[in-house]
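The same chain A turns up in both complexes below, where it pairs with chain B and then with chain C.
What follows is the complex of A and B.
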């Protein structure tokens, strides 16, 4: 059965198996601090993947997605800290809040594209941030909302890690199905040429709303995971920089792939939390990293690795046959 | 591809903008932030010999393990300058006082939060679990302080001290059991006093202009409530709220002059401070309408780079006055000035005082602070003479200080600082009310300012 899969496919499968095995073994290998960081990176990676579904696959780059995940997180936080509701109600309200935000954002943005789409989503994110520091009865303003305990059964850090890991793997699989479906292919069409898609009879406006809602679903899940991880929510979670970090994570790892945003999230979380212990000027380091990636690996780290892999596969062929196809477009390399 | 580059550019610009928005963009402040992880090493080795002789006796009942303190401050990002002041104040204390106390060695580690609660929560886990910190001295921002207090709440082996984060409710309506504000303050504590002082000066009709977020609401509310309950007028319509981070305050300034007030209460933070004073002078209002500033707006860290003529004579209230003549203040000011070349802001004085509280607590408990509840009680029982002046803590863990009415004057060396022109002694966070009376009202917000409209 394995023989029917290509060599590249087998390597990918290998990485997936190793990744899942490592993920399951992690709490036995690492201490609590590292597990906390991995949990944070998984949540951030899911958020970056939701951005990448819009940006990398559909070509709709958003700078306001923290508004969606943050609204979901505030929904949970409000129900827990202010309304004192039970966990089912917290999660239901958080989920609903995130999806309603995604719907409103999507309807507002679906008729635009390109730079205008970026500007519309930027404004949406700023509105959510503005509301978060003004509606103090709901959001606790700058002080944020404290006292958001985790649901029973996942209170301990390693329990919560396993929950996060399972949810992220599940979401990753769902995202894989979405991008490999005919709908996913039509998204790539949307990215390459919206006018041609419209000419072919696609309702591109509806398509955009649809993909925004799907992306919003995953952002919502990541927002709910984040608020229970921290037990806390404040305007810092919905600030522009939070959305921008998500986009940068996707670009750093490799936009248009699903593994890329996750890798980007791990790099950024570890630079921010571990490297900063030893290097005072860690933001400079992070900036330099971005510059290097943008200059020398324009499809991100995953793109560079897959280019190198394809070159190695084709090493016996005359140079130049595959080169232009592989390097001159921003063709995604699959999940 | 071009679109992607545009996004990268925008994103990087957003991050750069966030990183550059330091309240005072002094290069000298950031260069001292090198290698936060290694700060503890050298100083202690030398300090050990100083206290060596007297500590040998106590060593029998002293510690096997050093007492470890974790310090969390924003050393990068928009608040780096203030966070660095806080870090310098804490380090300066231990550079000038023995880290050998009652047979125990005190060690500390400073970590950068970047002003981000997510990072702060990860770092505090690291400090408590891996480094073994028993005392956490924490952050500058209200939201990060709340996040840390919430995380540490269930940990009975840790004391959380917040000498800077001043959100009212942390020692009022939303207290945390192991949280103590030694060296700190509540936002409205100092502006309560200014409200009374303004009324006593004969100002009858005052307008206000404050930054539109929790800290601004609390500072403004403190002034507004005491001033209006004393008999002054501050109409809700003449209370202006500008968004956090605004840098063109011209329209607000013209609106203020339109109210024709006797004085204006102003609370601005960060880059908005210099913009406000620039506009206020440009519109020729400096000689027309007196300004009463909230503590942070007149803090030396915010007015350092404002042209002298724009702020000379500025009146404010505060628990910190670097120009206060008492030796306990001036000794610290000279020490800090000598070490860093800057006059100390309240951030520096606050962490120095927190270190002083830690030192005295360990001494009082003879080195054994393993019982954290007892350590908290001991700390609350201390009566110290700090750079702020005499300091005791109330039952809620918030200091009772002398609050000063301050005026900005030019020193002989051409720099500006705040000198004391009036002192209100022993002011607690509820002043002039009692705790029971005060806690019945909600926390200050845009909707509740304690005036007629509230």
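What follows is the complex of A and C.
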């Protein structure tokens, strides 16, 4: 069984097994502070993956996705803090709110592409932010909504960590199926040439709406996880920077992959929260890190690692041996 | 002479204006099923605009386009493609970052319901595999199946242009300068490839190289300044003084 999988496939499988084992063992290894950060990074990573499905796979870069996850979070927050509803109703309304936001966003953005898509989604995110400040009765304006308890059974930090871990692993698996499906492959076609896609018979407008809804689903899940993790929601959850950081995480880790956005999220969460203890100017450090990655690893950290891996394979395997090697690495390196 | 069967493509007195510029002026063209047509003319004659009007990328200002007997004057490219129209581009328009196989799998599924299947992995087997294999053999690209498109030579990319259109199994194929940018040797290969395409497939071809175009088709439409200046079989076109004049002027 294992023999039929390529060396690269086996290495990936190995990383997945180690990652899941580490994820299960984490509460026994790390203290409460670190587990809190890991939970935050997992939620952020799922959010960045939902952005990458649009940006990295379909070539539709969004700067307003916090508007989708934030609407879901506000839905939960309103039902919990204002309406006093039970958990099933909180989650149902949060989910519905997020998906309706994704549908409205998708319908508005689906006829655009490229820079226009970025501008439309940017405006959509700003509208949600504006509403979050204006609609005092629903959102609590600048004060936000506080005192949102976690559902029974996952109140404790490590319980909530395990819930988050399980949901993120499940979503990751689902995303893995989507990007490798016939539809996922056609998204890459959309990224490469919309003109050709139309002429082949693809309704590219419909494709964009569909992928926006799938992406919105995962953004919604991340928004619901986030609001229970923090116990509050405020306009700072839906500001432009919240959407932009998701895009940055995806680029840092490597767009067009699912593991990249997750790695990017871990790096940014840990730089923000750990390095800031020792270094006052951590945003400068993060900016510098970002510039270095963009300059020297165009395809992010995962892209750089996979290029290095393929080079190693090329060197260590005689030609003709089973391993199919990405030929892109045969290009001469350097300027 | 009247035939019982409606032409597969009927361009009926089509005029296309962009602002003050008339790109196509009163063009009429009737293409019967299985026929091979060439549209020739100097640069700026309106050949590509005529193609875009047929494919739905541009809508006629006046006149009608009928595809398979249906008025498609206001239709869109994807709807026309679903009806059975294929089109290639003069400037290569491929999925550069994907492999040849991935390109063709996208094309092969373009007219199948599975193109929206998102909750199961893509598997190249069954009819998809057969179609990809068949198209690759037809276009002499079998050995490049797993190559990234960006690493193909220009000639191979031109061949893949046609392969992509064929993978949708069109009934009528518009070829926009298939030999554009090719060397003399590559042009001969391309000429043979087009020649060998199924006779069931209706082909309309734009080609700047008049000799290649005339060898491949039975019917020719000559455009100049958006107007039809001649129409007929290759021999009569070769002998036509107006066509000679236009080409001599252009060269």
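In the analysis below, the second predicted complex is superposed on the first by the 315 of 335 C-alpha atoms of A that agree within 3 Å, B and C clash if a C-alpha of one lies under 4 Å from a C-alpha of the other, contacts with A are read in each partner's own complex, and residues count from 1 in each chain.
Following the convention adopted for this analysis, a residue touches a chain if its C-beta (ideal position, glycine included) is under 8 Å from a C-beta of that chain, and two chains touch if they have at least 3 such contacts.
This structure is a prediction, so every number in the text was calculated from the model and none was measured.
On the superposed chain A, the two partners chain B and chain C both fit, without a clash.
In the superposition on chain A, A:139 contacts neither chain B nor chain C.
Comparing chain B with chain C, the partner in contact with more residues of chain A is B.
Once the two complexes are laid over each other on the shared chain, residue contacts for A:280 go to chain B alone; chain C is not touched. Of the two partner chains placed around the shared chain by superposition, neither chain B nor chain C is touched by A:306.
In the superposed pair of complexes, A:178 makes contact with chain C only, with no contact to chain B.
With both structures placed on the common chain, the touch criterion links A:244 to chain B but leaves chain C unconnected.
In the overlay built on the shared chain, the residue A:231 is in contact with chain B alone; chain C does not reach it.
After overlaying the two complexes on the shared chain, residue contacts for A:69 are found with neither chain B nor chain C.
Per the superposed model, the minimal spacing between any CA atom of chain B and any CA atom of chain C is 11 Å. Counting contacts by the rule stated earlier, no residue of chain A appears in both its interface with chain B and its interface with chain C. Those residues of chain A that touch chain B in the complex are listed here as 31-33, 36-37, 40, 55, 59, 61, 63, 114-115, 118, 122, 130, 133-134, 136, 141-144, 146-147, 230-232, 234-237, 240-241, 244-245, 247-248, 251, 255, 272-273, 276-283, 287, 290, 294, 298, 330. By the touch rule above, chain B contacts chain A in their complex via residues 1, 3-8, 10-12, 14-16, 18-19, 33-37, 75-77, 111-112, 114-119, 121-123, 125-126, 129-130, 141-144, 146-147, 149-151, 167, 169, 174, 212-215, 217, 243-244, 445-446.
Against chain A, the residues of chain C that register as touching in their complex are 55, 57, 76-78, 81-82, 86-87, 89, 93-98, 102-103, 105-107, 109-111, 114-122, 146-148, 151, 164-165, 168. Those residues of chain A that touch chain C in the complex are listed here as 177-178, 180-186, 188-189, 191-193, 195-204, 210, 214, 324, 327-328.
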